[in-house]
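See the structures that follow.
Here come two complexes built around chain A, the first alongside chain B, the second alongside chain C.
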Partner chain A sequence: MTESTVKSYPMPVTGGSPSDGETLLDLRNLSVSYHMAGQQVRAVRNVDINLKSGEVVALVGESGSGKSTIGHALMGLLRYEDKVAVSGTALLRCKDGVTRDLFAISDREMKRVRGNDISIVFQEPMSSLNPLHSIGHQITEALLAHRKLRRNEARERVLYYLRRLGIPNPEQCMARYPHQLSGGMRQRVMIAMALCCESKLLVADEATTALDATVQAQIIDLLKSLQAETGMAILFITHDLGVVSEMADRAIVLYAGQIVETAATRDLFDTPHMPYTRALLEAIPRLGSSQMKGYELRGIPGRAPSAFERVDGCSFNPRCAYATEACRATMPELDMAKREHLVRCLRWKELQLGGCDEFAAARR
Partner chain B sequence: MLSHITRRILLMIPNVIAMTFLLFATVSSFLGSPAAAMLGQEASLEEIAALNKQYGFDRPIIVQYLDWIAHALRGDFGRSYTSQQSVADALLPTIPVTLELSLWAILLAVVATVLFNSVPFARRVVQPITTTLAVIGITIPNFMLGICLIFIFAVKLRWLPTTGWVPWSAGVGAHLSHIILPVVTLAANYFGSFTLVYREEYKAAYRRLFIKVARAKGLSETRVSLVHALPNAILPVVTYVGLSLGPLVGGAVVTEMVFSMPGVGRLFVGAIGAHDFPVMLAIGILVIFGVMVANLVSDIVYTSINRQVSLG
Partner chain C sequence: MNSPLLDVKNLQKRFDIRRGLIPRAVGHIHAVQDVSFSLSSHEVLGIVGESGSGKTTIGRSVLRLTEPSDGEIIFNGKDVTKFSGSELRQYRRSAQIIFQDPYAALNPTMTIEEILSEPLIVQNLIKDRQKRKERVAELLDMVGLSADYMTRLPNELSGGQRQRVVIARALAVEPQFVVADEPVSALDVSVQAQIIALLRDLKQRLGLSMIFISHNLAVVEYLADRIAVVYLGRIMEIGTAAEVCGSPKHPYTIALLSAVLDPDTSNRRQRIILQGDLPDPANPPSGCVFRTRCPYAIADCATKVPEMRSVSATHARACIRDDVG
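And then the complex of A and B:
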């Protein structure tokens, strides 16, 4: 499928306000802190995310920005870690019509929600599957955790999903073991596993990062068509802004565990207000743009602060070209630039950062 | 798979020939002429020479060996020097005793290891003392543990018989009550070493991503543990079981002596004391075969659990 690599993706039609409009997940004031080496380390700070049914929201950030931690917290996977404290509320509207706070419910209840109302696909398909069990066993197990089905019914459903994910010879695939499949195939299996109980919310935790570019494009295509078909919402955790522009209705930019900007994807690419977002956009390599006038692929100087470090004022100020004394002294609050466009920057009004023109143009 | 098993069995033949020759050569050069031992201290040189000639001990070792192996291939391992019984008659009845003790002991050790170290409930309750139990199991000598168990359960509490062997035919209850203590004694050591191996593997398996995936499916912790962590953690134990059958015979020797079990181990001790050369050799071969078969079986079990590895 070499065509996928050159194919350009159309802009999602929804553009920020999906047809359904009902709130599926209301995550408020999420903070996650790890207790490490005798000190409390805050990996995620006061994050609010609102997800509507059928909406695709990208969570963007560098390594260590806390984006995966948010996904794992939602799945209740941090419950099993020692020395991790999660606070906040995560109200999820479950399929049975009941809204549950994922951080307050019992382990037993969480077990029923996991895989049924909220599913996850991890970054490394190579190690996500248990090497000792067949593919069929591992998917069927996910299905049977939540559905009372007879053997052949379960088998039919698993086969349906394997087929739907474009796996050749699904019957054969069920009998195979993980080491007999390629990375792309394994990730398809993982997605089949996440979808088989028809969750309304899928957390894709860098689901395409470990795959090579061709396979990555195929998986993104698949996720898009599956999303359109099932109407599930996706929280797409990624550091790849190219993927964001292809997938997401809305993007949330994280820096050092905080939301620094959130907007509809097009809006974010056209008029970023936070210098960090702008810097991220500049750091996207583009094919053929080196000939373009004035184009320069720029990295972001310095590095993101580790969770151990404390930065006074705005956490991006040491790397920001526009930082002033005020930026070093006060931590800016999230400010509303316009409807559904929030930015955490003291100077956003005076800075005219400009968008990622040719990037935006390519999508129109 | 089948061709691999055939090949492994065929490979045992040169192995057995080499090992038996080594055994033959070492034992005969260590013990010298068995005639002296057979006739006792008062024997005259003439008597010894006559006996040497009668049994063929005066021939070169290689000739004696070839003669012995030619008979052995026909199932004739000679006669015991002490009881004048044929070796087969002396050895065969002891094999089921030792085999039964060993299999029960290994089974008990594996089940206890897996149970105490993976079922979440058992982990919470027993975890703090498993390390102590494991270390005790490894460090305490077999005979001491055996004597302690006899003292507590047979002498003080009078729950179980002290020593002796009762066949199945005498009643299941009687049979089992006689083998409980020796089995526990034998198993203790294995429980200790299996626990130390298994627990580390189990912890390592638990850190792997597929455990998170299994939880994310909505599986219970018990299922995550037993279906996903356990099979990964048990693999090194499977190899270890295969390797430990050789040393198990050593453990069985002591245990059988302490509990007066008519097993291979007790026969072996008697044979050494009496310089009973044919019996020692036959037991040597039995152990060699046992170890090789155990390794083969553990390899087959291993590959049936872990499909990433295949025999062939």
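And then the complex of A and C:
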């Protein structure tokens, strides 16, 4: 198998976000491999991500695509695992003005960066909170670990954020234990914990996935207004393209540990170039189908390769309707379809897939 | 429409809250309250609700996997709640379930052939081993898997393939209706669409009747002929898929529809953000259970539980206001 090298490309410029244009995070050539069952398993392959201050970028992929691994690598959570190898550079512009490579700094320095410059909201609010400590204790602990604050100052700030997140009666909430809160409340607490350190970069790892539709709508609204207010950058890890269209300025689509397409969100949905992105858009059940005649929901045949399996050529070729001999032989490189729009497909030019207008047309 | 295959009347399910050293019931949670609906043959009824709405309890009660506390479940003219012993076993042949999590629903030590043969053995349908094998191959083919899978163990299969096996197992005894409890929620988007397409195909090919339980309105709209929207154990609105999704008449349905995130921005509705969470089910609000989060609530909503009021012959909602929707 020939390994592709990712071309260097101009920094994508996004519209819509209050971005000051300054690069906050420059992740280059990230590869993560796990040592499992006597073999080397590559979970993430040569991923480049560039994030500006105030930008919301979505990392989209199905389970096993490596999206959470990227988030964990950025948080420095993989550095303690001796069976995991992380390579590449992650240059983060920290609050003190120094740019640090998150993969090169010491554990001690990482500890300082974590919480101060980069925070994470984990997926499972049930398992990420300690059931033995009160909510107040857990959030203030996180804050005191990273900030030189007096206990009552910390408490004030935590109360402020709990209130901002729409938690009724925050004083009472601080005294409660995780099991006494609903899923939505717990997720709010997790977000408050990540926000109270006021870091410039928030990694939201499936932050709304476990929630009910109406609660998810609440949390997304909240995150949007908080983002606009604080100007923090968010790396939004999700498998839900609906959430992507709601939240993100730009989206990066991952498949089998590689970036297969990246573009401004609107552009990605209107003119996807990679057959996988297009098929994924078609696979989403949408409202309005009962009013349409002859509309059929299409899945993608087969399944994504596990990290153990090696696919020659393009990793999507076994499931792709457009695959040719060439697709099975050579791994396509990331090609620039236009400024800010990169695609990993040999045939994108001749295919010119276009968006899923069938649905829109059928609806009319 | 044909006469109903299944007629559920005033279904109730209470779970006791037990406390103390010698546990005693100190109160109860009304998981299902006064739920009535019918299912015709060849029909798919979607039940939509958020977690804690009681939708799973409704499905399990209909199958008597959970004992209903009160109410009637009339199946082919007989009351299922009074069944016992052999009658219940007969009923189990007519009514099957597709579980949510295909990773938990298959015995990891049994081969696919054993898994699919078991209902045939339990129901004493095919005694001949060779014939049984043929039937298993037929079932696998029906859900789009090759006969090679017979010798495999569940852990060799992907989530989508496992869910196909779970569906094949439910259909092995040729049931008259199936309760599908969130059958696609645990799957990835691309695989989820495969399974939805399979269910739709089976519905058309076999004329399957189904109660399809899900929290995803878009999925339900695609699969179901009629939809019941449940909130805190009660039906808020019921009607055909086009009525409920196209011209909703209950504030909760409207809010639920607006919370569906569609990647197509032209398909966006005005988002209605509901305040707060689901109320404590052990201590539900008086009157209409939705009134604490309802943007249309008025004083009268607190006094009386709203009755189901008809909009059309097939469409009804439990809301006292006429100016909604």
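One rule holds in what follows: the second predicted complex is superposed on the first by the 332 of 364 C-alpha atoms of A that agree within 3 Å, B and C clash if a C-alpha of one lies under 4 Å from a C-alpha of the other, contacts with A are read in each partner's own complex, and residues count from 1 in each chain.
Heads up, the rule we're going with is that a contact is a pair of C-beta atoms (placed from the backbone, for glycine too) under 8 Å apart; a residue touches a chain by one contact, two chains touch by 3 or more.
The structure displayed is predicted, hence computed values, not measured ones.
Model built by superposing both complexes on chain A: chain B and chain C fit together without a clash. In the superposition on chain A, A:P285 contacts chain C only, with no contact to chain B. When the two structures are aligned on the shared chain, A:M75 is found in touch with chain B, with no touch to chain C. In the superposed pair of complexes, A:S245 makes contact with chain C only, with no contact to chain B. Number of chain A residues touched is higher for C, counting chain B against chain C.
When the shared chain is aligned, chain B comes close enough to touch A:N116, but chain C does not. Shared-chain residue A:P301: touches chain C; no touch with chain B.
Overlay on chain A (Cα): least separation between chain B and chain C is 6 Å.
Once both structures are placed on chain A, no chain A residue is touched by chain B and, in the other complex, by chain C.
The residues of chain A lying in touch with chain C in their complex are 62-63, 168, 182-185, 212-218, 220-221, 239-246, 266, 269, 279-291, 296-301, 303-304, 359-360, 363. On chain C, the positions that touch chain A within their shared complex are 50-51, 158-161, 188-197, 200, 215-219, 221-222, 240-242, 245-246, 255-267, 271, 273-274, 276-278. Chain B makes touch with chain A in their complex at residues 208-210, 212-220, 227-228, 231-232, 305-308.
Taken in their complex, chain A has these residues touching chain B: 72, 75, 77, 80, 111-116, 119-120, 122, 124, 127-133, 141-142, 145-146, 177, 179, 190, 193, 197.
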